[in-house]
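Multiple structures follow.
Two complexes, one shared chain (chain A), two partners (chain B, chain C).
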Partner chain A sequence: MMSYTFSLDWFFVTLIFFTGAYCMAVSRNIVKQLIGLEIISKSALIAVISSGALTNNINLAQAVIIVLILVEAVIVATGLALLVKNYRLNGSIDLEKLMSLKG
Partner chain B sequence: MIYHSLLYIVIAVSAIMAVMAKKLLNAAIMLAVMSIAVSLLLFNFNAPWAGVFELSVCAGLITVLFISAVSLIKKEDDLLKEGRIKYAILPFLAAVTAILSGIYLMPYFEYLTNYAREAAQNPGVGEIIWTYRSVDLLGQLTLLACAVFVIKAIFAKRRIEE
Partner chain C sequence: MISEFLSYSIVPLLSALAIPFLGRKNEKITEILANVTILAGLINIGYILFNPSNHRNQYSTFTQDGFTLLMIFTIYLVAMCVVFFSTRMNDRKIDKNSYYPLIMLSVSAMCSMVMARDFFTLYIFMEALAVTSFALITTDDGRGGIEGALKYFLLTFPASALIIIGLALLMIVSGGFSFEHIQAQIIGAPDFLTFLALSLILLGFLIKSGMVPFHFWTPDAYQGSYSPVSAYLAGIVTKISGVYAIIRLSMFFKLFDDKAYKASEMLLLIGFASIAWGAIAAMRQKDFKRMLAFSSISQLGYILMGAGTFTTLGIIAAIFHLFNHATFKTTLFLNSASLEKNAGTTDMKKLGGMEHNMPVTSWTSIIALFSTAGVPPLSGFWSKIMIIIALWMTGSEFYAAAALIFSIVTLAYFMIMQKKIFFGKANPEFAHVKEVDFTLLSPVLLMSAIIIAAGVFFPYVYDYLANTIATRMVI
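So, the complex of A and B:
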């Protein structure tokens, strides 16, 4: 019964992970890239909490998840700050127009 | 069990809708819905601390950040061309990987349940955070300081060059 539950968890973790990977692979918009990153980190979070539930060690999983959520928030804040600065400088949020460092 | 699977379906559907949304604002709102469903899932896993963090930070703060960033950029940039056909194989790959891993990784998951008895005395979350993993707190503080300095460096006032 327990392993059946975890196989359901695993299926959805993989599905959500590949949804985010698809978003990051396809899109040229920087906001969409960050949204894909968020989706991928959500799938990592679900994997951590479900493995914690499987090994009866949910409090350690909660401690790890709190760190993970903070890292996520920091990454998104920094990425959006870079996006707004880049939009002010270049007037575009297209990834393929980030050419100013090209040699 | 039904509630649990229903939450997973809500998470997956809102993730797909966030990816497929044409407008960036709709994508941000679907991301917020996904965060709310994830926090309900955490509550369902008996993890209330992580659920509260998820609900306040991911569903609140990150959504506000996304919406404010989207409102700062113009609407013409909403529709960039996306090469969706090129990567159309990726969802099939995802489904195949999920099903195959669900079949072949089952013995490993049963092996993982052997570790369940080692965690018989479960310390509380506060004890774990402040005693066992107190170095993590240092890492979190360093990360926050890094983010503050990066944002300060990005939006620094430049001197007017003459």
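So, the complex of A and C:
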């Protein structure tokens, strides 16, 4: 039986979280920003499943994760819809061009 | 979830499903159905809230939680004003068969959120609320709307990941997400991991509510969106999706006694930064709606300071200020919508001397801004003084003094606004502008009446807050 490695899990959680955060911080493209967001939220899902495994409560963790994946799909669909609408209106997916509102 | 109030979230949901089918032929049916749904809910919750038997803690048939009750009333009140205003505004550009169902869906999501008895449900409905508000911001298909919505999306989504990681930690600590579990855990064995989990969730909700280091999306989203929608967003949506959860969490931190003083200090600092930055940035704005957005950030700082004291008085003051914020900010944003409808612009440089053209709009703005700045006897004064007393009693004299000083700055920037738009020299370009008709003014007049009534009859309001809300504030 495979030994359970809780600390390694959380090492990867933080690693994936900061990979996503780096992706969001350096890219100007909105599609890349969305990919960064997805990576960040995947790290959160790993955190949930890992703590479920630690406390022998894997049923709850799985149920929670299925709902969270559902919610995430809805959110990302909305994000992509916004992106397409923005491309139709402004003809660009560059984040730096979203600067008409300021003051 | 609290099952007694379930109908407040199910009825708008059914209405949202029915509207697109029934209103396909005739848009009037859409508007009537939306208004009737919200009005029925408002009358219902108002009856429960003001029922004399609920004033005392006896003979009442409904649940224990007074905070939820007050929040449902506030949600329905603001939604009623916004829906009625949009109906009478009768804008041809927007698609009514998608606008009203979205409002209904967000009312349903907000009610479910305040009814939640565990953090997982709270999170799910917060995301549902976020999705509807992204769609609502882009209602009029303008460039500002899409820009605001994208910024709102990109800058608040990382908060969800923080909240989920907090939930994962809660699962380790207490084996579940429900409020009772966490309460028992804190009272039994308050340890670092519980504190860390609650702090991560708190951080997520701070980002969601747009406090100062995370505030960059707020002005853009409010300025860019369709005008009644910005009243709706500023009045209630972002407050429920962020600040409501922060007040809930502060009730948990209160159970830590003085072990949570570092979290208290952080919250006070963030609150102070929000107040200061919001007020200073509002002074140099040229657009009415954008100025109101910065003022909203500043007022959120007061709520955060009140909740951040982790005392009963502070939390009650924060709840009352949340209610007051809903009344005066809805008034001001609806006034900006009236201005945009009749004068065609909200640019403060162009407008001037509108008092003669739009007297009622001008005077309701004055009532709302005096309440925001905390001029007695209006309701905003009482909630602010309660917050300042709570701060003073916990030994944060610096923050109490700062809260007092920045409420004078609030008055200053609002007087600048009032002078530029309503008083001052009239711009001949706007000489033909008329006052909007009475039906458009009625939501604003209702809100102004509530501001004055809650201020003048404050002893009764305080009695209600202390006896009905506070004694039933079972986390």
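Here is the rule we go by: the second predicted complex is superposed on the first by the 95 of 103 C-alpha atoms of A that agree within 3 Å, B and C clash if a C-alpha of one lies under 4 Å from a C-alpha of the other, contacts with A are read in each partner's own complex, and residues count from 1 in each chain.
One rule holds for everything that comes next: a residue touches a chain if its C-beta (ideal position, glycine included) is under 8 Å from a C-beta of that chain, and two chains touch if they have at least 3 such contacts.
Model, not experiment: these values are computed from the prediction.
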**OP:** Check the residue A:S7 against both partner chains and state whether it touches chain B (first), chain C (second), both, or neither.
**Re:** first
Original post:
In the superposed arrangement, does A:A53 touch chain B (first), chain C (second), both or neither?
Top reply: first
Original post:
Which partner does A:F18 reach: the first (chain B), the second (chain C), both, or neither?
Top reply: first
Original post:
Which partner does A:D94 reach: the first (chain B), the second (chain C), both, or neither?
Top reply: first
**OP:** Counting touched residues of chain A, say whether chain B or chain C comes out ahead.
**Re:** B
**OP:** Have a look at where A:V71 lands relative to chain B and chain C in the superposition and call it first, second, both or neither.
**Re:** both
Original post:
With the two structures laid over each other on chain A, which partner does A:Q62 touch: chain B (first), chain C (second), both, or neither?
Top reply: first
**OP:** Figure out whether A:V31 sits in contact with chain B (first) or chain C (second), or with both, or with neither.
**Re:** first
**OP:** Please work out whether A:L83 is in contact with chain B alone, chain C alone, both, or neither, and reply first, second, both or neither.
**Re:** both
Original post:
Where on chain A do the contacts with chain B and the contacts with chain C coincide?
Top reply: 17, 21, 45, 50-52, 54-55, 57, 60-61, 67, 71, 74, 78, 82-83, 85
Subject >> Residues of chain B defined as touching chain A within the complex >> reply: 1, 4-5, 8, 11-12, 15-16, 18-19, 24, 27-28, 31, 34-35, 38, 41-42, 45-47, 49-50, 53-54, 57-58, 61-62, 65-66, 69-70, 72-73, 77, 80-84, 86-87, 90-91, 93-95, 97-99, 101-102, 105-106, 109-110, 112-113, 115-117, 119-120, 122-125, 128-129, 132-133, 136, 139-140, 143-144, 146-147, 150-151, 154-155
**OP:** Note which residues of chain C are touching chain A in the complex, please.
**Re:** 120, 124, 127-128, 130-131, 134-135, 138, 141, 143-144, 146-151, 153-154, 157-158, 160-162, 164-165, 167-169, 171-172, 175-176, 219-220, 223-224, 284-287, 290
Subject >> Residues of chain A touching chain C in the complex >> reply: 13, 17, 21, 24, 30, 33, 37, 40-41, 43-45, 47-48, 50-52, 54-55, 57, 60-61, 64, 67-68, 71, 74-75, 78-79, 82-83, 85-86, 89-90, 95, 98, 100-101, 103
**OP:** Would you tell me which residues of chain A are touching chain B in their complex?
**Re:** 2-3, 5-12, 14-23, 25-29, 31-32, 34-36, 38-39, 42, 45-46, 49-63, 65-67, 69-74, 76-78, 80-85, 87, 92-94
